Amino acid sequence: MELTVYLAGQIHDNWREEVEQLATNKGLPLTFVAPQTNHERSDNIGDDIIGRQPSKVHKDEAASRINNFRTQVLMEKADIVIALFGEKYKQWNTAMDASYAITLNKPTIIIRPESLIHPLKELSAKANVTVESIEQALEVINYIFE
Amino acid sequence: MELTVYLAGQIHDNWREEVEQLATNKGLPLTFVAPQTNHERSDNIGDDIIGRQPSKVHKDEAASRINNFRTQVLMEKADIVIALFGEKYKQWNTAMDASYAITLNKPTIIIRPESLIHPLKELSAKANVTVESIEQALEVINYIFE
Amino acid sequence: MELTVYLAGQIHDNWREEVEQLATNKGLPLTFVAPQTNHERSDNIGDDIIGRQPSKVHKDEAASRINNFRTQVLMEKADIVIALFGEKYKQWNTAMDASYAITLNKPTIIIRPESLIHPLKELSAKANVTVESIEQALEVINYIFE
Amino acid sequence: MELTVYLAGQIHDNWREEVEQLATNKGLPLTFVAPQTNHERSDNIGDDIIGRQPSKVHKDEAASRINNFRTQVLMEKADIVIALFGEKYKQWNTAMDASYAITLNKPTIIIRPESLIHPLKELSAKANVTVESIEQALEVINYIFE
Amino acid sequence: MELTVYLAGQIHDNWREEVEQLATNKGLPLTFVAPQTNHERSDNIGDDIIGRQPSKVHKDEAASRINNFRTQVLMEKADIVIALFGEKYKQWNTAMDASYAITLNKPTIIIRPESLIHPLKELSAKANVTVESIEQALEVINYIFE
Amino acid sequence: MELTVYLAGQIHDNWREEVEQLATNKGLPLTFVAPQTNHERSDNIGDDIIGRQPSKVHKDEAASRINNFRTQVLMEKADIVIALFGEKYKQWNTAMDASYAITLNKPTIIIRPESLIHPLKELSAKANVTVESIEQALEVINYIFE
Amino acid sequence: MELTVYLAGQIHDNWREEVEQLATNKGLPLTFVAPQTNHERSDNIGDDIIGRQPSKVHKDEAASRINNFRTQVLMEKADIVIALFGEKYKQWNTAMDASYAITLNKPTIIIRPESLIHPLKELSAKANVTVESIEQALEVINYIFE
Amino acid sequence: MELTVYLAGQIHDNWREEVEQLATNKGLPLTFVAPQTNHERSDNIGDDIIGRQPSKVHKDEAASRINNFRTQVLMEKADIVIALFGEKYKQWNTAMDASYAITLNKPTIIIRPESLIHPLKELSAKANVTVESIEQALEVINYIFE
């Protein structure tokens, strides 16, 4: 059984490559999908496609609609969602995506450092599983195949 | 027609009273529901009811389940959701509640200061309306009754 | 049994008053809800609440989000939808609202003149009932109470 | 990941071939489905299969039921919907299909010329993305695969 | 707690009055809704409202759309559905309404004579409860209030 | 695009083979599924598997649960439902299956002889398309692939 | 805001009266609904209404269908579900009702003694809140009204 | 047509192997999925992945969340659910999984010994089919392919 995993969360480091590497090491039959991880491209995608917007707020509006389109297409294909929160940045997209996934009844794993236990406690309580490391998240998925 | 409005968002100031005052001034037939706004009570509710938990993480787990229970009961009753983001705090609960409401097809208004336009852009694009002040949010609701 | 009826469709004449008058004449226990029928107010509502937008397209974007918010709140309350198409104007909102209502399983009546039979044929086939006059639409609703 | 795209909209020119050509040029793994684009066949399909109907309105009723059947089968298979509005014709089917798709949570792109911004503003606000050209719509889809 | 009961089934005798009488006798807080029980009116309603149709099949099409509209409005209001099958007539409407109700998760009681056990066996297996008399059906509803 | 078609309806003649033959002749990429068409096996399946039941009504109850199980599994797999009504028999299962399919939003074609137009009129109005012959039903499906 | 609470669980003692007493003491605006708590009546209801069944298994089948009918009607009305597990009895109905409620997105509280923590752990993890006493469950509901 | 079958129920004997052997013998095109059947691993999975929990209740909480995650992923993939109850153990997970499956409209077979007829009667009435042996359950599935 092949499973598709959506990797929600911060796009400022290469944690998704680490996930994929671990999945390969464990021989897990997973396909990964994710938001645009090139931050600049993600911010500019509205202007890039639709043309220069008249202000920053309208640039953000145009970009975010295309980013949401991408997320919605890929989330629909996902059997599992992993949402990773790091210590920097607001990451409201990550919370939005995790809540969207949980409401759609997609099995969801949250990865967050110990320092974020308190501010993420209600979201953690709604997710299926919350862990502190990528390695643990993959062990949870690996458990399906035992 | 009476409408019930869930007021998601920060619990560190009295913005909800301001909302209610404005609604009264405009003579709008609204009932307001909200999360627990006593921060300490909200953090301690698990220990208060179930008993002292063995660690901070378990205290948070116990409290968050009861907070989520409250939110789910009241959100079900809501015809409209207003989610307010302030400049301080993580406010992932607010993003979680707004995303939950939008996914359930509840009409949703986001209030956020200009400084948060960029980090909230994807959530704003999914919400029905985004405004910068409480006054504007009430004008949007008032428009239903014109 | 009281029923709420959403009156989708053109906002350029006073057909909604005619509907309400007929319902009163027949003594039907109906409450009517509708989009903003002041055309200018409907077009300007974004600028009126959020402030002057930088271009006509952004003015339209801001207004339409608030108009959609109003429609979604009121459509949720509706037991029945009447969608009236006249001979002038594009009226894509009317088609959008009727299709939204039908997809949500709301019983829907279309009113359209004979001249629009052909271009509206697929939408008519999906609606519950299609008639040519307001009088006929009210007779259909009256039939529920016989 | 293969995706299926439903091409809603006018059937009076060859814009769908243009879409397919662009997708091929970009090497996108897309399958396209669409309504019947032979206008005469689409209008006559009821009479062609069920037999000559007694009037134009009944001919339209018979044809539209079969056209709706086709749309429903193919729309169910679609991961993405593109709805194109041109400057001529009523195109209420296009608005109906786009609204149906959005209500079913299918990610939807609207293509419309600048001249239609105003009459389509509420539908645009509900769709994920609105663009002005076929090229832009394909860039939006291409963005999923970046 | 007030409950609304939809009485699906044959319209050729006065079984619905018998139901209402028994409910009154038992003091049950029930409101009853039902299809049009004037058979002639039900058959002619399309011609009555929309005008004389060109053939019997088109007369039936017009009438059935308005009958379905009525059923859909009232079924939505129902907490419970009773579907009665008698020994005469095809009664496919009754089977259609019962199956619609069951699929919408409405608690459903079937009343049928012993002679119809075999042809109704699959529908009986899907309904919540099957009984042989109106008296029994009311006892089942009475059980809710014990 | 391969499509799966559920063939609901009478099991007393070989109309399903005729459907399959026509599909083969037209080269349509269809897979057909259906209820148990061996009437005796269908009636006895409860006793065959679970053991002799104490009465005819309990034999019917046991058989119908297993027949419904089969229908539910196969209906879930179907993209299209064809429901055929013949002139003999009660065929309430056919009405039940068609109504179940329509309520689940499965595109549905009804085949019925002219003599059944009147008693089937409400179900016909809810189905996507109603025709009088198997040949016509296959033409409707063929139209999807034009 | 009035709330309706379904009290699932064992019917062998008077715990429901205790719940109602506590709610009254706290002045909570709650209405309580529940399964039939007269055990003998619950076991005999099929025979009582439909007539003597030929065996114990058929008696159970007849009774359980009517009990499920009652539960479904009342559960639909509930805003909150409390499911109490005691130390005796199988109580599979309680687990069935709790799982049904959770799947329908009804906010659910489980009450169970310490001795049942382990066998109920997966159900507890799916419920919103798990407590050990009736008093605690009422405190959780009271928290909604703070 | 390949079907996936989720095998809910006790994990204390090798009944799942027996199911798979019978399916192989009959040549049925079935894929089987199931919960973790290594009891010790299932109880320890929280501690194994997330680390030693501070008490038995927290160990159970951590394990059950990961077990529920596994069940949700695999249940989503299932076309059919078989739930087996044995004479020992509480088996509330089995009742929870069966009720979850039935509520999601998954065709469900219960296997239970004669001794459990009475305590499982309400769940049996909601399931599609109830049998007493693994052999019978496989015959029910085999019936789909006849």
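Per-chain residue numbering starts at 1, and chain names A, B, C, D, E, F, G and H are given in the order in which the chains are listed.
Throughout what follows, a contact is a pair of C-beta atoms (placed from the backbone, for glycine too) under 8 Å apart; a residue touches a chain by one contact, two chains touch by 3 or more.
To keep track of the chains, here are their UniProt names: A, B, C, D, E, F, G, H = YtoQ family protein.
Just so you know, these numbers come straight off a predicted model, no measurement behind them.
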Query = Through what angle, to the nearest 5 degrees, does chain A rotate to match chain E on its C-alpha atoms?
reply = 180
Message = Applying the document's contact definition, name the chain pair with more C-beta pairs in contact, C-D or B-C.
response = C-D
Request  = Indicate the whole-number Å distance between the mean C-alpha point of chain C and the mean C-alpha point of chain F.
outcome  = 38
Note = In whole angstrom, the CA-centroid distance of chain E from chain F equals 23
Inquiry  = Distance between chain B and chain F based on Cα centroids, please, to the nearest Å.
reply    = 49
Note = chain G touches at least 2 other chains through residues 61, 65, 68
Request  = In the complex, go through chain F and note every residue touching chain G.
outcome  = 54-55, 58, 61
Remark   = Seen from chain A, its contact residues with chain B in the complex are 56-57, 60-61, 63-65, 67-68, 71, 85, 89-93, 95-100, 102-104, 116-126
Note = Given the complex, residues on chain E that touch chain G span 1, 3, 79-80, 105, 107, 109, 128-129, 131-132, 136, 139-140, 143-144, 146
Ask   = What residues of chain C sit close enough to touch chain B in their complex?
value = 31, 33, 36, 38, 41, 45, 48-50, 65-66, 68-70, 72-74, 76-77
